[in-house]
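Same chain, two partners: chain A is paired with chain B first, then with chain C.
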Partner chain A sequence: MRTVSWIAVRVATCAATLTVLSFVVFWATEVLPGDAVGVVSGPDATDAEREAVRVALGLDRPPLERYGVWVAGLVRGDLGVSLVSGREVAVIVVARLGASLAVLVPAAVGIVILAGVLGTIAGMRAGGRLDRILSGVTLGLIGTPDFLIATVLLVVFAVWLPILPAVAIVPAGQSLWQHPELIALPALALALGGFGSTMRLLRASVAQTVATPFAEFARLNGIRGPAYVRTIVANAAPPAVHAFTVMIAGLLGGGIVVETLFNVPGLGYELTRAVENRDVPLVQGLALVLGAVVLTILLAGDIITRVLQQRTRRQEHS
Partner chain B sequence: MVSSRKRGLAAIVAAAAMLTVAGCTAAPQGESSPEGGGTLRAAFAGGSTETLNYFQGPTALDYVRARLVHAPLCELDPGASDGVAYGVVESIDVSDDLSEYTLHVRDGVSFTDGAALTSADVLYSLRAPVLLEGLPFTMLVARNFDLDAATTPDASTVVLPTAAPIADGRELICQSMLAIQDGTTEFAPDTPSSGPFTIAAFEQGQSTLLERNPDYYGQAPSLEAIELVSIPDGTARVNALRQGQVDYISGITPAQAQTLDGADGLAVSTSEPPYVSYMPFTMNTATAPFDDPRVREAFKLAIDRQRIIDNVYYGLASLGNDLPALGFASYDASIPQREHDPDEARRLLEEAGAAGMSVELTAGPELPGMVETATLIVEDLQAVGVNATLRELPAGQLFADYPAWLALPFKVGYNPPALFEPNHTPGTFPEVDALVQTARSAATPEERLTASHEAQRLLWEEGYELAPVFVPNISAARDGVTGVRELQFPDLSQVVLTD
Partner chain C sequence: MTARQWVAAVPATLVLLLALTGPWLVGGSTSTPVGGPFQPPESGIPLGTDVLGRDVLARVLAGGRTLVLQAAAATVLGSVIGMCVGVWAGMTHHARTSGAVLRVVDGIAAVPALLLLLLLAAGLPGNDTVVAVAIAAVSVPFSVRVIRERTHTLATTDYARDAEARGEPWTARVRFDILPGLIPAALAEAGIRFVAATQLAATAGFLGLGAGAPAANWGRMVRENSTGLQTNALPVLVPAVLLVALAIGVTALLDRAAETRVGGLGPIGRLA
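Right after this comes the complex of A and B.
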């Protein structure tokens, strides 16, 4: 019951955060120099034509009024219309979120497997040769910028060993989900760049847990093999779960370099374009959805961590 | 709905693939046509702002697609006697006093819904940019003609009065006008059209599948289908071409062209004048010391133009002479080319009391090589003693605040290929403004050309634009792709695929 009320408080906090976020994003785009009129009109427009574009886009109204209209629409589930393309923001956001998730979900699975297996192995034999090799490799990967990882993957899998397409080209009417071969390289690039920190936290936590009296007690009681690993990992996981959710939340909007290079039209890439175009409704819509999804992922991570910790505490008490 | 569309698309793709195979295997048997058929896969920058409404489409891809789906009224053709090549409009007559244009509509052109194309459709096409709130660049005709007073006396004639007498009306009408059906307000894949291709499938920011229109009035395309793919990043476009995922890519940088040039089985091509972008570095005459013509002249002389062409564009750009509209009929090629003369530049600056002046050049990556050219210009200015610095803006920022851009003392901009006279911005040199007016409205072609050349000479001597190069659109294709017309935007309608 206490967990339920704790979750309710967290959800309310998320909602409040989103409200503040929408306000901050709106004013951040407002204080940027220039507006969509300049972008839409092009260099050859006359002043009168610029003014007409400004009125057509509704940018002649005061900012507070525009923000009010946007919030009123939001309450009705209407995210507004893109200033540059005239398309519904909701449609664009859903399509971009789909593309981002199509790459992110396989990448997340990859991170869980890589970080879970390698982190556990390294932590169990902390200080051993394998641990040192893995530490070196992951530190190297953490320090390698995304574009380098992506370029190396491209060179290996699209040039030397041309088994995967270099660029995601999805035929009209289909979605990225239907083409695993197009998802493979960007997902691998995100996974390789992202698993290091989670793996290192898990390793440290596993190493710490192995040294605790209760682990020794378990060993002395003859718990061996998979059962022993399960006991250790369940107790060591919370900090790694936390690092994992933060990493995934960051990749959702932050995989811009990978999205650009592999032509995956995801949320982060779209957001940078929308800011370039001063397309305020699109920036707002993308930021809000991005914020909502990120907060949901972080919340899920917190809940999992809490449940794991409570279970551990119960085990320790019993 | 979605699944039936998908199935339909799968059928189309399968059919296109079969036709590709059939095209290759059937040709030797000497069947109906010697053409290759097949599907061309072409990649453009595109992006999620893609739209079928080309009046509001800000990207090149929108116009490339519209040009394939909707037949042009007519097109610019600097080599032709009227300066234009006719399309669904088969000729344009101009009244002697240059105040009325009569458009004759071609017989036998029909839309995909079977309706014949008439003068009402042509007039609606001309009015559409205003009615449908098109972007400013589509307003060229609306600015110069009195469209409200236009009439259609019969089904094949449109009478178009001008706002003020002009001689270049044909070029304005033919710059980018496409034929759409009277009353069209929405653009969907099944909107009736009259061009060489029809839209079989369309997904914003992703891909468009175009199929040959069997009822097209003009020369039938060789291609069975065209797939237009949106790949916003230039490097990704190049990778897609290298790996054979697409046959043709447009809008790449000179450096990318350089790396592709030696690649096996690939060829780079560029648009030629007049289809090159004007890239003027503008000196604001309202701010000192640019109000002194000697300073402007010194800046123009200080620049090593050939170095820019060689180092930034690897020889792919055209040499500029500080005047717009290179390659158009009225461009004055007899004006001497301004040479690189740093000593004279230094002397002029000295004379104007501007030696050692400080100036900041504002640039942004809005055109390939724009920032790199600005960098070389700053270096050249430093070499003649000007304390020049470069302020580089991130992509998309340069024109985002247009009044602020206008007020900058020294900045770069660009204009797509366009005639000089109708696009001249009046207000700085009254004498030039008057000459341009004469160049557009005098009674005889000779008078008009003389006035235009005189205006250009004045601008060359005293003007505030430093234009060292014209920038082409650079494309690349795999071998076996022929017939791309690199116009203002690439025209893919006459492409032939061979293997």
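Right after this comes the complex of A and C.
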């Protein structure tokens, strides 16, 4: 039963963090000076026109009241209306989510497979040649900002080896899923950005398991080959699951840059454009949805890790 | 220092020097065109021209300082706040309060750094200081975590408990029992935060946050000149190489230090 109450505490913490995030989002976009009036009324507006816009948008009311109205709308699933396009923010978010996932899912699957296999091999032979090469490569990848990795890919594939389109222009009426050649470069850029740290976390977890007394006991008892790998991997799994959820949460952040560079019409691309246009309701909606998704992913990861750990512990006791 | 560390240290130091002294070395103007867009290098313009026909060399020289200063300011600010909160959380006996603070800190750490950066920059547009403050804000949670763990280990040693039982004031305990053991970990942590801060500052420039368009910035140069790669790749390549040399140089230097002091870069995971 301790696990159940632990999960309850984690869910409550997650909800509290989301509340704090909603405060930050609201405060940053509405209370700080860069406000929406200038956007809607245009640069040549007179003071009277600005005041009229201010009243029409409800910006003359006290911030706390506006926050209350905004949160009440959130609870009903109403994220407000975009100032620039006039469309509902919730509709935009749902439409953009598909494109984001089309890039994110292949990248995440690629990282899980590549980092999983290479991390296990490198961790099992810590200090070996492959381990040292991978250590250097991942250090380079961690040290390079995502936008540079993406730019390098852009240079290589769009200029020197023009086999893949550099900019994702989706024909009208079709979804990004139908065009794997448009997804390839952004997904690769995202995957390379997340690969370094994930591989390092997995390698550390496997190397730690290899060094435990029970792993040595297994080796001394002549357990070799697949059975030995299975023992190690099963015991290194809980931290690995955690590493993967952190990685996916990080990909959502990296997606902002990669989508902007490759013009993938996803959540991150829309967010940077909304920030440039000072489209306040859209920024608020997108930021909160992105934050909520990240928190939910991390929460799921925490719970899975906990359950896995409990299971290995129970097996050890029985 | 080993040979490998020298290999990493020399380029990183050179880039830092170039970034800090560069604006004084600029000969011409960074914002007036000296030729057509994306001209290849010739005499007078050793790195060619950029998207608006401006001198790339001048812009490279001018575009690093803001970035490095933003990263340094954010690191100092974030580390100081992280030290204060982390040391308090590691020493206090109010387990509930410190637990609650750590939960909140973890919560903030979970939100993508770029998201917070974009939000704060949207609130105060065109301001370089805001970018630095936002970077500091996103780096605090990581510092707090590391400093708290280390402080907690130090505060539960026998000598620290002895001092507490003797009734030493907490200032003396921090000064003589905690800080000596904490400084190496804090320095390694600050170094890691510096690398992350440089990356974030460059990414902020890339996304067009901070000071407005005519100002030169390595991050923004990569973005605004990526359309002319076929004609003159230098305005993209030079700032990119400088950024990579700086980031990888500092990371490689830290990797060994961090390995022994805070358990490697691995557990910290993603930097930015």
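Following the convention adopted for this analysis, the second predicted complex is superposed on the first by the 295 of 318 C-alpha atoms of A that agree within 3 Å, B and C clash if a C-alpha of one lies under 4 Å from a C-alpha of the other, contacts with A are read in each partner's own complex, and residues count from 1 in each chain.
The working rule: a contact is a pair of C-beta atoms (placed from the backbone, for glycine too) under 8 Å apart; a residue touches a chain by one contact, two chains touch by 3 or more.
Just so it is clear, the structure is predicted and the values come from calculations on it, not from any experiment.
Asker: Based on the superposed arrangement around chain A, label chain B with chain C as either clash or fit.
Answerer: When both complexes are placed onto chain A, chain B and chain C end up clashing with one another.
Asker: Mind working out whether A:Ala158 is in touch with chain B, chain C, both or neither, as first, second, both or neither?
Answerer: Both partners.
Asker: So, A:Thr305: does it touch chain B (first), chain C (second), both, or neither?
Answerer: A:Thr305 contacts neither chain B nor chain C.
Asker: One more residue to check, A:Thr260. First (chain B), second (chain C), both or neither?
Answerer: After superposing on A, A:Thr260 lies in contact with both chain B and chain C.
Asker: Mind working out whether A:Thr296 is in touch with chain B, chain C, both or neither, as first, second, both or neither?
Answerer: In the superposition, A:Thr296 contacts neither chain B nor chain C.
Asker: Quick check for you: in the superposed arrangement, does A:Ser85 touch first (chain B), second (chain C), both or neither?
Answerer: So A:Ser85 only meets chain B here.
Asker: Mind working out whether A:Glu276 is in touch with chain B, chain C, both or neither, as first, second, both or neither?
Answerer: In the superposition, A:Glu276 touches chain B and chain C alike.
Asker: Which partner does A:Val53 reach: the first (chain B), the second (chain C), both, or neither?
Answerer: The first partner, chain B, only.
Asker: Looking at A:Ala204 after the superposition, I want to know if it touches chain B, chain C, both of them or none. Which is it: first, second, both, neither?
Answerer: Only chain C; A:Ala204 stays clear of chain B.
Asker: For the superposed three-chain arrangement, which chain B stretch in 117-125, 387-395 or 423-431 runs into chain C?
Answerer: The one stretch of chain B in steric conflict with chain C is 387-395.
Asker: Enumerate the residues of chain A that count as touching chain B in its complex and touching chain C in the other.
Answerer: 32-34, 154, 158, 260-261, 275-276, 278
Asker: Which bits of chain C are touching chain A when the two form their complex?
Answerer: It comes out as residues 103-104, 106-108, 110-116, 118-125, 195, 199, 202-203, 206-209, 219, 222-223, 226, 229-230, 233, 236-237, 240, 243-244, 247-248, 250-252, 255, 264-267, 269-272.
Asker: Touching chain A in the complex: which residues of chain B?
Answerer: 2, 5-6, 8-9, 13, 41, 43, 47-51, 53, 56, 58, 133, 135-137, 139, 143, 201-209, 227, 229-233, 235-237, 239-240, 242-243, 245-246, 394-397, 399-402, 404-405, 413-416, 418, 423
Asker: Mind listing the chain A positions that touch chain B in their complex?
Answerer: 32-35, 37-46, 49-50, 52-53, 56, 82, 84-87, 92, 95-96, 154, 158, 162, 165-167, 169-174, 260-263, 265, 269-270, 273, 275-278
Asker: Provide the residue numbers of chain A that touch chain C in the complex, in ascending order.
Answerer: The contact residues of chain A facing chain C are 13-14, 16-17, 20-21, 24-25, 27-29, 31-34, 139-140, 142-148, 151-152, 154-155, 158-159, 194, 197, 200-201, 203-204, 243, 246-247, 249-250, 252-254, 256-257, 260-261, 271-272, 275-276, 278, 283, 287, 290-291, 294-295, 298.
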